[in-house]
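Both of the next two complexes hold subunit A, though its partner changes from subunit B to subunit C.
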Partner chain A sequence: MSPSGTRRLWAALDLLDHQIVDCDGRLAGKVDDLEIEIPEGDGLPVVTEILSGLGALAGQIGGEAGTWLTSIEARIAQRHDQTMGRIPWSVVVSVVEHVEMSIARDELDSNRAEAWARDVVIDKIPGARHEAE
Partner chain B sequence: MKKIFGVTLGILTAMGGFVDIGDIVANSATGARFGMSLAWAVILGVVGIVVFAEMAGRVASVSKRAVFDVVRERLGARVGMVNLAASFFITMLTLIAEVAGVALSVQLLTDVNYLLWIPLAGMLVWLVIWRVKFTSMETVFGLMGLALIAVTVAVVQLHPSWSGLFHQASHPSVPSGEGTPTYFYYAIALFGAAMTPYEVFFFSSGAVEEKWTRADLGLNRANVFLGFPLGGLLSLSLMAGSAIVFFPRSVGVDTLSQAALPTTLAIGKVGLAAVILGFVACTFGAALETALSCGYTLSQYFGWQWGKLVAPREAARFHLTVLCSIVMAVLVGVTAIDPIKVTEYSIVLSAAALPLTYFPIFVVANDRTYMGDDVNGGFQNMLASAFLILLVVVALATIPLMIATKAGS
Partner chain C sequence: MRLSDLLGRRVVGSDGAELGHVHDVLLVQDGPTAGVAGAQFRVHGLAVGRRAVGTRLGVVEGHVERPRWLRILGRRGRLVPWQTITEIGPDQITVDADALLALGESS
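Here is the complex of A and B:
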């Protein structure tokens, strides 16, 4: 994220580390980082993309833990041909309580680990498809 | 009917969260070694957990954020990660203690070695989380835990010198033969057992799961003001039972069967049955809460779907975390590691980590952008600030005291 005075502060406070919710009301990760574009001339910086997932988070954390997370992310990425979860600003519907988006979480790259846990482990256990009784 | 069962979240939190293996062990052991002279630490712990659980429940109801959502948003990715690592480790340690606690309680009933019960206990904990609805879970284990009232009845039946007990409690002093550092080490253990962080992880996540809103703030208060003091009463009863039976005879308590002995002496077999049922319900309830809390903390930090309202496949990473935590607890448990020692370490380390959990709750409970008009009042803030200072002092003192007293031995 490019630092840019007060607007950066606003974005950091109101977006960063907030919950992302998809169109079905499912929780779909956190706002781990932001992609900001600074227009040429005097215009204010604009948030163009929300970055979500381990890769983006590792960048925020930095230090040794960050390096460690990055290496984990890189491994998963190699295996799954994954890039960082990028959510274009155009699918963001509202940022009031949570960051709500108009697409389903399955469309996000950052949701692959969730899909893996579902397909490889949880779905194999009887009762995974039913709500608790 | 709905209203009556509405407060069962508080009762389960009190039964499984407040009174868990940590409280059973800590209160029985301190009663035997220090009489009632450490009762103040329990009362302080009850006031502390009431103040902060009310806040956590209110934050969850109004802002729809459970504790670890708040931790992540307020502390950011970096500090939040440190907090996550510490909280997860302590909750995991507590889970190991609780699963072993269930097994030890069943051993009292069956005389079959607890190590054999650990895998079964872990399996059942997982099955309940996998299949049983949140509200049924809290009603069943909350109400079963009420059997522990037998401990309070027993204290009355033992016809103690009330003025003597009250004098011990109201004029706290270090009994002869015990060092001052040891005394304070046990004070911290009792305080940590009362304010264990998973209680608010569970309580606030439960409030979000039950879709509490501003309209439920009364219910939140009822849960907190009923549940935790009830837990405190039961803890003090365990302490008093030990203070009456063991303290005058200088007998130490280091097994669960000793913790049940005062009740058996007073009301016989029925008492023993009730106490064992209560122990099983409380430790099982706490095992559910800690296993869920492992999932809650991790999921809420990373923003994964969590909770029992959706089918498990919709919250795959959450359920995977819970499953792995339980497997891990069982594996560590069956190594025959001393479960009472694990319990003691879990509550003392909890005490050292208390500010990590309670400070972010305090900050958000004062933030109007989250809370609107339901921010803390002046009295609440005064009380909470005093506690935060105390929590920091406790956190700084814990590890040095642990080393100086060789963990209270």
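Here is the complex of A and C:
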């Protein structure tokens, strides 16, 4: 907390790579980047979205590896007709050790890499559709 | 703009002085209210310095009391207030050296 009582965080130390948990307590990815909006005039920039998933991680990595990850993400996004994994601040419930959301992880675009792996790879394996015993 | 656009970026003063690189970004929850979490976080400043060993290890000044040598390792360099930034370029961030001096953060 700052002297005025408002909460202070170090973005890289206290937010990046921290776990995102959905309204049912299920793991929903990690914080890979933040979208920051710079207002017109002299105001301070505001964190508007949490970015999660391969596409956001590519921005952190940079270089050729980042470009490669971006192209993979673009292919998956095209297949699923979805946009990048963005979690608007309006669905964030709390930021403590983890980031808690008010919605289910299935509603997030950030889980599309996992969904793609499930639909395209895992489901093709014989016996993969069997219920867990 | 993304957080990754700021982290690692070189920072120079308007007088040409090299300040280091951005190691972290200070967020304060005093923005407009949005959703159940309350106020949004706003960017108040950049932790800028030449070394990032303490930051990479998660040792932050103010968070570590003992041993004392770890506190030295955890020094983040200087905090550059957002208001002193004059330009965010593709390669570097330029800071108003006079404004930084006026705020007691000599470059």
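Going forward, the second predicted complex is superposed on the first by the 101 of 133 C-alpha atoms of A that agree within 3 Å, B and C clash if a C-alpha of one lies under 4 Å from a C-alpha of the other, contacts with A are read in each partner's own complex, and residues count from 1 in each chain.
Operating definition for what follows: a residue touches a chain if its C-beta (ideal position, glycine included) is under 8 Å from a C-beta of that chain, and two chains touch if they have at least 3 such contacts.
Here the structure is a predicted model, which is why all the values come from computation and not from measurement.
Novice: Would you sort A:46 into first (subunit B), second (subunit C), both or neither based on which partner it touches?
Specialist: A:46 sits against subunit C, while subunit B stays out of touch.
Novice: Once the shared chain is lined up, is A:97 touching subunit B (first), subunit C (second), both, or neither of them?
Specialist: first
Novice: Please work out whether A:28 is in contact with subunit B alone, subunit C alone, both, or neither, and reply first, second, both or neither.
Specialist: After superposing on A, A:28 lies in contact with subunit B but is clear of subunit C.
Novice: Answer with first, second, both or neither: which of subunit B and subunit C does A:122 touch in the superposed model?
Specialist: So A:122 only meets subunit B here.
Novice: Once chain A of both complexes is superposed, is A:16 in touch with subunit B (first), subunit C (second), both, or neither?
Specialist: A:16 contacts both subunit B and subunit C.
Novice: Which of the two partners, first being subunit B and second being subunit C, lies in contact with A:68: first, second, both, or neither?
Specialist: After superposition on chain A, A:68 lies in contact with neither partner.
Novice: Show me the subunit A residues, by the header's touch rule, that subunit B contacts in one structure and subunit C contacts in the other.
Specialist: 16, 60, 62
Novice: Which subunit B residues qualify as touching subunit A in the complex?
Specialist: Answer in residue numbers: 63-65, 69, 72-73, 76-78, 80-81, 130-134, 136, 299, 301-306, 308-314, 316-317, 319-320, 323.
Novice: Contact residues on subunit C for subunit A in the complex?
Specialist: 1-7, 23-32, 34-37, 39-44, 47, 55, 58, 60, 82-83
Novice: Give the list of subunit A residues in touch with subunit C in this complex.
Specialist: 2, 4, 6-13, 15-16, 33-38, 42, 44-48, 51, 59-60, 62, 88-95, 102
Novice: Over in the complex, which subunit A residues touch subunit B? Could you list them?
Specialist: 16-20, 26-30, 32, 52, 57, 60-63, 65, 97-98, 105, 113-115, 117-118, 121-123, 125, 127-133
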